[in-house]
Every structure is written in C-alpha cells, then in structure tokens.
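What follows are several structures.
You will see chain A twice below: alongside chain B first, and alongside chain C after that.
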Partner chain A sequence: MTEPLLDVRDLRVSLRRSGREVSVVDGVSLAIAPGEFVGLVGESGCGKSMTAFGLVNLFPTPAAHLAGGTVTFHGGRRLDGLPPAAMRRIRGAEIGMVFQDPNTYLDPLLPIGHQIAEALREHDFAGDVDARVLELLTLMEIPDPALAVRRFPHELSGGQRQRALIAAALAMNPKLLIADEPTTALDVTIQAAILDLLRRLRRQLGIGVLLITHDLGVIAETCDRVYVMYAGRIVESNTTASLFATPRHPYSQGLIKATLRPDRREALFSIPGQVPSPDSPPAGCRFHPRCPIAIAKCMGQSPELVSYDSGSVACHRAHDPAARTTWSASAA
Partner chain B sequence: MNASVIAAHDLQHVFAMRTGLFARRPLYALDGVSLDLGRNETIALVGESGSGKTTLGRLLVGLQTPSRGQVTYRGQDLAALRGEAWRAFRRAAQVVFQDPAASLNPRRSVASAVATGLEGHLGLRGTALYTRVDELLENVGMPPAQYRDRLPHELSGGQRQRVAIARAIAVDPEVLIADEPVSALDVSVRAHILRLLQRLQHERGLACLLITHDLGVARAIADRVVVLYLGRIVEQGPAETLLDRPRHPYTRSLLDASPRPDPARAREPQAPRGEIPSAVNRPTGCHFHPRCPHAVDRCREETPNLRSFDDGRLAACHRAEEL
Partner chain C sequence: MGPHELALLTLRRLVAAIPLVIGVVVVNFTLIQLAPGDPTTALIGDYPAPPGYVEQVRAEFGLDRPIPEQLGRYLWQVGHGNLGYSFAHRKDVGELILERLPATLRLMLTALAIAIVLGVGLGILAARRRDSPLDHGTRLFSMTGYSVPEFWLGQILILVFALGLDLLPSQGARSLRAPPEGFAAFLDGLRYLALPAFALSLRYIALISRITRASLLEVMNADYILASRARGARERTVLLAHALRNAAPPIVTAIAYDFGFVLAGSALIETVFGWPGIGRLLFESITRRDYPVMTAILLFVSLGVVLANLIADLFHAALDPRVRRP
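Take a look at the complex of A and B:
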C-alpha cells in the first residue's frame, strides 16, 4: 500500500462505568489508503462506533475516552493526544463525519443552506461561502439547489436531509469521510441512491471513506476492503471480493450466511448466542462461546491476527479445512 | 386459496393534510385496496415509507376506520361489530410492532407483559395463569426460570421482540400483523425471529401479514407478496415468481435497490429515479410514471388497473406484457 491516509495502531477505548474501566475497543489496528472505500462491520455492541469516535477523539459520552494506541493521519500527523482545539480544526475540515439519524444533527430552526455555511465559516473558508453551498447541494444532487438552501430540515425528505448532512461533512473538502450507518434509517431505494452518491464522491473527489454498518449487503455494494469486528477486536480483514468468496473467521462466515437475500430463498440462519457485554468478555477467543468449531485452545488463548494472502484473520483454526464450512453442519 | 379470515374490500383512507393556515388538502393514504388474508398463509406487504403499508395494517385490525370500503372478519363487516363480537375480534387479531422497547411497559416484568392478554381476554388467574405464561415463554425460546422476572431493559432487542410475540399469541389469535418486526434488530438475530414467526404461523394456522420494506425478509418467509405504491397495490402474487420475475417496474426497482452480499453483482446505476412523491400530490395516471424508466404518454394520462396474469399474478402496469 502507498502511504496510508489513516493508520491506526492498537487503538483502545474505555468506558468508566461505576468506578471501573471497561474496555470497549481493545487494540484495533486499521489503515485506509487515499481514495479507498473501507468497511467496518459487526453486530451492535461490537465497538464499531466507538472505534470511529476514537479515531477523532470525540465521544458522545464523557465516560468514554482513549486508553491507548496511535492514530496517524495524512502527512504523518498524530491525532491521538492532539489538544482539543487542534483536533477540532482537523475534524470537519480534513475529516468529515456523517451519522445514522440526520434529524439529530440538523438544527430544525435553521435553513439547511445556513447550516452548511456554518460548517464553512467555522473553518474560515476563504472563498465565496454562498457559492460553495450551492456547489455542494448541486454535487449532492439535491433538486433545485437555489431553493433548497432556504428550506428547513422538516421541508426535506429523509434522503435529502442525509444528503444535506453529507454536504456539510464535505464542505471543507476533507480527505476522509467517516460514515456511521448512514443509510440504516432510510428506505432501500434511498439507501441505494445515497450509496451511489458516496461511490461517486469517492471517485470524483478522491476521498477515503470509512463506512460503518451491520449490513454486509451494503458493504458488498460499496467497499474495496472490509474489517470485521467482534467484541472490541478485529477478527478478520480482507478485500471485499475475497472476504465474501472465502471468509476465514467463523464469525464472518456466520454474518454472511445470516444476511437475507431478496434474490433467492435460503434456509433462515442466525448465529447462536449474542455479543458478550464488554464488562465480562469471555477468555481466549471472544467468539468461542458462539463458535461451533471451538477447541480447548480457543477457550484459553486469545488468537493473534495473522496475515495471509490479501487478508488477515484471528482464529486458531483458520487453516484447518473444517473451518471453511463452520456452519454447514448446524441447522441453526 | 382457502377461505379468507380477514379481507379488505376497496379500501380508501384519506387524511386531511394542513397545507396552509386554513387550507387543507386530502392525503390519500390508501386508494382502492382489496386484499384477502387466508388461514395458514403469510403475506408480505412491501413498499417504501409513505406507500400506505402501516395504514393498511391499522385498518385491518380495526385501529382505524376506513374512509370508504370495508374490512371483513369471517365475512362480517368490522364497522358493524359491537360488544362481545368486537371483543372477540380484538382478541383474534393481534399486532407486533417494530420497536418492542416502545410496546413493552418498562416497569413490568416479562411474565406480567405476557399475562396481560391472558387475564383480560381469557380471565385466567393464579396458577393457571402462570403455568400458561411459562408455556408461552418456553414456546418463544425464552426459558421461563431465567427470564420470567426480568424487566424489558434487561433483555436484548431480539429477546424483547420474543416477549412481544409471546404476548400476541397468548390469546390464541387467528390473525397476526407484524409491522417491521425485525427492522430494528441485528442481521444476526433476524432469522431467529422470522423462524419463530414462521413456526407459530404453521403450528397455529395463523393468517399472518408481514409489513416490511425489506425484500429479503419477504423472500424468507412470505407465501405471497403485495407491493404498495402511494396507496395503491401495483403488484401482487406468489413470493417466488414475483421476486424472481417482477412484472411491475416499481417492484423491479425495489429489487434492484436491495443490497445483496454479492460484491460481483452489477447493479443498474441509480435505479429507481428520484424519491416517492407526497401522497398529497399524487402524479396523474400511473402514480409511478415520474420515476419509471419505461413510462409512455398513456402512463401519464390513464390510471392502470390491477390486471390478472396467468401465473397467478396481479399487476397494474400498462406495459406489463412488453417489459
């Protein structure tokens, strides 16, 4: 890989919960190349969003904080340990962020043009702010941009609100866009249009994208590469094509098998059990209580992430032929 | 097709939508919808937000009264049911909603949530009541000894949805309406809940209406699929043929937009065009024509009727044969 746009090593995030430190992100390493579309997938409670918040050191709750690791951004700058003011300048200007529910992030009392302009002024945009807002709305394919700037959030559809938020996130021409479940609350048709938009923006603007989702279908349609996260750790990563063709980790295999397909009827499959609470993660491989091929070693010893071909996997049995078809015997 | 348990006859439902200080315009949530739901079958009702799916569900269980048309339960008009007959219907038709957290009382235990209908509708008390509650929890895969006394916040989303389902089937309904029952759940547990619904439907011969925007969910458990667009049925038929070879361009565009775990798939770019218009401002002719890649002049002028095809399908498209 060329010089990565973002290089994260051994990232750790903890929550203070009734006087205890609880680890929610436990040594995550990931890299995004310039212009690369990277997915981070896993069930709710695996630490995906906390990883994203950790990258920019901005948490929704004061109980969460960085507990270790390094985050190196474009040009070799370290983001971890950056003073808040310096971090604020990078957030929004060089790293844009989009979240699941646009309603939470748009002020209902201000026209959307105003809100996008605010993102520009906050970062001392040098050019013509009004012209830039129009340009952004046009880029987002919002109909009648000249009229749309004066519209309030409630006058727009859910899809248009999400476009307006993406416009604000991209206002300063960031090099990286972090999108956390950006289409989960939307209809499939709107989802397809927003994913098309993200793909086009990546091509047109050459930005790197980190897409966080629990939906492997969405990953398959957009990403170049995928990281699979389970209980605070990365358990597998690969190019999207290889991950779907030959998933190595039993968890990745289970997620793919559980995805419902509209184009063919398959036996309903779900992974037994549930994501462990970060208060008391299982010993050894954290997936072992749910894994049908777990052996004694899996219960006692945590597997390292080991590289092979284009990917890497953290499973003691990854090279055992039985691990290719983990779920085939189970009717679950 | 067996006899229908619940049926909609030419339903129209209109809301008055405020469009100005004094101005009100009619919003056609449903317009001329007819549907039969039979014993022992699952119909998936699909379409985008604003297509009228939830309104149809509410009319079918009598939570709202249609502006025009009838809903019948075993041949009787719902609007004419009174007293005991109405209570019997309310027991026979149960609903499971999308967000189990919002439909369960946060301060009442799992057992007490399931017991509500048993006390109210069946008059069960004491040991009989608690034996029945335990059976129901067992039946939805929640060992009673472990879960009976838990509060909703101590459960996962999937477990809360199981409790909501146990509560719905407690009173032995004939009709179960599930409104987006798995949309709020993780992909990994959706199958648990769908399999549970499927098993209960078979065991009890339920008439099941599954409201979903997810064609993958429809494909997984529905016998028939009904596609709604702006308050009208645009296509309906057996799940397999409809999803394999959609006849209506709207169904096709929904399918095309649905993500699949298949990186090699070539998706048609940017289908469908634009967004669903407001029901206050319905396009003329075929409501779908502004978004349809195949629309001709006739589609702008003339509303297509729902026509039967020999593969057991109904479709409302002027060009269904050629496409």
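Take a look at the complex of A and C:
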C-alpha cells in the first residue's frame, strides 16, 4: 500500500460511567489508502461509531474521550492530541462526516442551503459560497437546486435530506469521508440510491471513504476492504471479495451466514448469544462465549491479529481446517 | 415570512382572543358581584345616611338592577369604549387608567427587559459551564430569587439603598421639587426606576435563567449540534446559529407567560414604592371597593396577557418554519 490517507494504531475510547472508566474501543488499528472505500462492520454496540468519532476526537456525549492510540492523517499529521482549534480546522474541511439519521442531523430551523454554506463559511472558503452550494446540490442530484437551497429540512424527503448532509460534508472537498450508517434510516430504494451516490462521488472526487455499517450487504456492494469489529476490537480484515469467499474468524463466518439472501429458503441464521457489555468483557477472546469451536486457550489468552495473504485475523484456531466451516454443524 | 402571512396570523389570533376577553370580563364582573360589600357604603362614607338616600344613589348608578342586566349593560358599554365611572375618584375610568398607564408600562417593560437580559445571560453562562461553581451559584441565586416575595424584597431594598446608604430615592417616579429637564430628567427617571424595577424583575431573572439553562442543555445534545461541530463550526457559531435558536421557543413562551404575573406583581411593588401606576390604582380601588376601576384594570391585564402571547406566537412563527409552513 502507498502512504495511507489515514493510519490508525491501537485507538482506545473510554466512557466515564458513574465514576468508572469503561473501554468501548479497545485498541483498534486500521488504515485507509487515498481513494479507498473501506468498510467497518459489526453489531450494534460493538464500538464502530465510537471508533469513527475517535478519529476526529468529537463525541456525541461528553462522557466519551480518547484513551490512547495514534491517528496519522494525510501528510503524516498526527490528529490525536491536536488542540481543539486545530482539530476544528480539519473537521469538515479535510474529513467530512455523514450520519445515520438525516431527520435529526439537520437543524430544523435553518434552510439546507444555509447549513451547507456553514461548512464553507466556517473554513473561510475563498470562492463564491452561493455558487459552491448550488454546485454541490447539483453534484448530489437534488432536483431544482436554486429552489432547494431555501427549503427547510421538513420540506424535503429523507433521501434528499441525506443528500443535503452529504453535500455539507463534501463542501470543502475533504480527502476522507466518514459515513456512519448513512443508509440505515432510509427506505430500501433510497438506500440503493445513496450507495450509488457514494460510489459515484468516490470515483468522481477520488476521496477515501470509511463506511460504518452493521449491514454486510451494504459492504459487499461498495467496499474495497472490510474490517470486522467485535466488542471493541478488530477481529478480521480483508479485501471484500476474500472476506466473503473465505471468512477466517468464526464471527465473520456467522455474520455472512446471517445475511438475508433470496436464494436461501431456510430460516434465517443468527449467532446465538449476545454482544458482551463493555462494562464486563469476557476474558481471553471476547467472542469465546458465543463461539462453537472455542478451546481452553480462547478463554485465557486474547488472540493477536495475525496477517496472512491479503488479510489478518485474530483467532487461535484460524489455521485449523475445522475452523473454516464453524457454523455448518451447528446451524440453527 | 411574508407580510401577508404575518398579517393573516395576527388577525387569526386576534379574532380567537375576542371570546377569551369577553369571558374574562364576565368572570371578573360576576366574581366581584359575589364578593360581600357594596360600593355605595364606600361612596357615602360611614355617616348614617337615610335609607332613602342610599336607594337613590344605588338607582343613580344602576346598582338596583338584577346582576345579569348590570352585566349586559357593562358589556355593551365596554364594547363601545366606555369603561364606566369611578365612584371613588369621581372620574371616567378610561381617563383614569390612561393617566396611570405610562408609568406602569415604564416600570413593567424595564423590569421585563432586565429579567430577559440577565435571565437569558445567566442561563447561557450556566449551561456553557455546566456543574461549575458558576452554574451552582446561578442555581442557588435562582432558587433564592424565586422564593423571595417581591414586596418584602422591595422593602429591604428601600431600607438598604434608600434609607441606609441614601443612594437612590424610594418613593414616586420623579423628583417633584425642582424637576430637572431634558436629559437630566431622563437620568432622574432612571434613578427612581432602579429599585422598583429590580425588585419586580428578580423573580423573573430567576425563572428565565432556569428555563434558558434547561432548554439550552437539552438542545446541546441534539444531533444537529453534533453535525455542525463535525462540519468544523466554531463554538460561537454552534451556540448562536443553532443552539440558541432552537432553545428559544420555551424561553419566549415563559416570558409571555410571566408577563401577566409581572403585571400582577407590579400592584404590590407600586404600592411599596409609591409608584403612580395602574398597580397602585388597583390596590386602592380594591380597598375602596371601586368596582368599575377594578374590572377595567383586570380587563387591561387580560388584554396585556393576550397581547404578550400573540407576540410570542408571532415570534415562534418567525423562528420556526414548521409553524408557518407546516
């Protein structure tokens, strides 16, 4: 890989909960090359959103904070430990963010044109702000941009709101777009349109994208590479094609098996058990209580991420042939 | 919002207020009739008057008619702009109120302005520095400010600033001996205004600061605040462009709601500070059983409340596109 656009090493995020520190992101490392479309997948509550917020050191709750690790961005700049004023100049200018629910992430009292222009004004955009806003709305394929700039969020459809938010995130031509479940709150047809839009923007603008989702179907449609996250840690990473063809980690195998597919007639598979609470993660491999092929070692010793071919996996039994088809015998 | 939309909304709210105001007049009139006592006793005085004379006076003012008829006549009169005749002042009620209105408006609007500026300011500071000593201090101040009765506070202020330190005047609205002119008259007015306006505003500083703090803290958790920060917005922009706008509706509602209470509170404050306004007139007319003045003042108070709420509604409509274009 050439010099990465974003290189994250051992990122840790903690929550202060009634006087106690609870680790929600526990040593995540990932890299994104310039123009690469990378997925981060995992169940709700596995820490994938907190990882994204940690990258730009901006959290939805004051209880959350960075607890360690390094974030190196384009040009070898360290983002962790950057003073707030300097971090602000990177947010929205070099790293754009798009969120889950376009209904709540737009200010209901301001026209969307104003909110897109905010990204430009706050970064002292040198050109014509109004012209740039119109250009962005056109790029987002919002019909009748001249009229749309003056529309309020409640006058737009969900898909158009998400397009407006993407326009605001891309206003300053960032090099990286972090998209946190950008399609989850949308109808299926709108989802497809937004994914198409993201793919086209990546091609057209050459931006790197970190797509966070719980939906492997979305990953399969869009991403070059995938990181699979479980209970605050990365358990496997690979190119999308290889991950779907030969998932190594039992958790990845389970996730793929649990994907709804029209050619399968049997009852939908689900991994038994629940995601452990970050208050009391299990010792050893965090997946072992739900893993059908766990051995004694898994309970005592946490597996390291080990590289192979194009990917890496954190599983003590990854090289055991029996571990290739973990769930076939115990299929629910 | 276009002027057409604004005019239409104003008209709609004003029409809706008509039955409300009529209802207020009816209830006030009936309540006062139900209260014991007769204005003729106050009018004639304590002299043992011959029964025939009392009857004559009652007939003169129409007090011998059945209550529904009196109410009907009163509504008819008020509808034609005639607020009646004051027994005690032997003067037209409308004239009497118009004479006193400017002083009360000056006191009330000053008190409200102080309450809004200090209340909103303190609320923002407390919310921005949540759980800091400043926040706790503001909360303590609010609780105290809200619990202190305004007439008591007025008397303490007089004791300290007028009698003790001899800094400010305690009675009246302007210097009567050697009245100053021009700008000096304005400054003189401010000196007289200071103590009563502060005494009247303290409770509302407390209320408004509490509501501002709570509303702002809630809004600061909203997703669009996070989105604005993710866009790289400066904290000043986040606060002014997004947080305060979205936090404003409950604050404005509270201010409009307080308006009626400030009017009521001014009755006590004006009495304590000898302020020549409607509040003191109300107090006097209650002690003298001057019914026409009482009902007319209560009518003015309810009109004031209706007007304050109308302004709040218009403010909401100007602020929130969902209100004007649902």
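One rule holds for everything that comes next: the second predicted complex is superposed on the first by the 327 of 332 C-alpha atoms of A that agree within 3 Å, B and C clash if a C-alpha of one lies under 4 Å from a C-alpha of the other, contacts with A are read in each partner's own complex, and residues count from 1 in each chain.
In this section, contacts are C-beta pairs under 8 Å (C-beta built on N, C-alpha and C of every residue); 3 or more make two chains touch, one makes a residue touch a chain.
Here the structure is a predicted model, which means the values were calculated and not measured.
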| item | value |
| --- | --- |
| Clash or fit (per the criteria above) of chain B with chain C on chain A | fit |
| Chain B versus chain C as contact partner of A:Arg20, first or second or both or neither | neither |
| Contacts of A:Val188 with chain B and chain C, given as first, second, both or neither | first |
| Chain B versus chain C as contact partner of A:Ala169, first or second or both or neither | second |
| Touching partner for A:Leu106 - first (chain B), second (chain C), both, neither | second |
| Which superposed partner A:Arg91 touches (first chain B, second chain C, both, neither) | second |
| Of chain C and chain B, partner touching more chain A residues | B |
| Superposition-derived minimum Cα distance between chain C and chain B (Å) | 8 |
| Chain A residues contacted in one complex by chain B, in the other by chain C | none |
| Residue ranges of chain A touching chain C (in the complex, touch as defined) | 56, 58, 60, 88-93, 96-97, 99, 101, 104-111, 115, 118-119, 122-123, 152, 154-155, 165, 168-169, 171-172 |
| Complex contacts: residues of chain B adjacent to chain A | 48-49, 156-158, 186-192, 194-195, 198, 213-221, 239-240, 243, 253-265, 267, 269-272, 275-276 |
| Chain A-facing residues of chain C, complex | 222-224, 226-234, 237, 241-242, 245-246, 319-322, 325 |
| Residue numbers on chain A that touch chain B, as the complex places them | 43-44, 157-160, 187-193, 195-196, 214-221, 240-241, 244, 254-256, 258-266, 268-271, 274 |
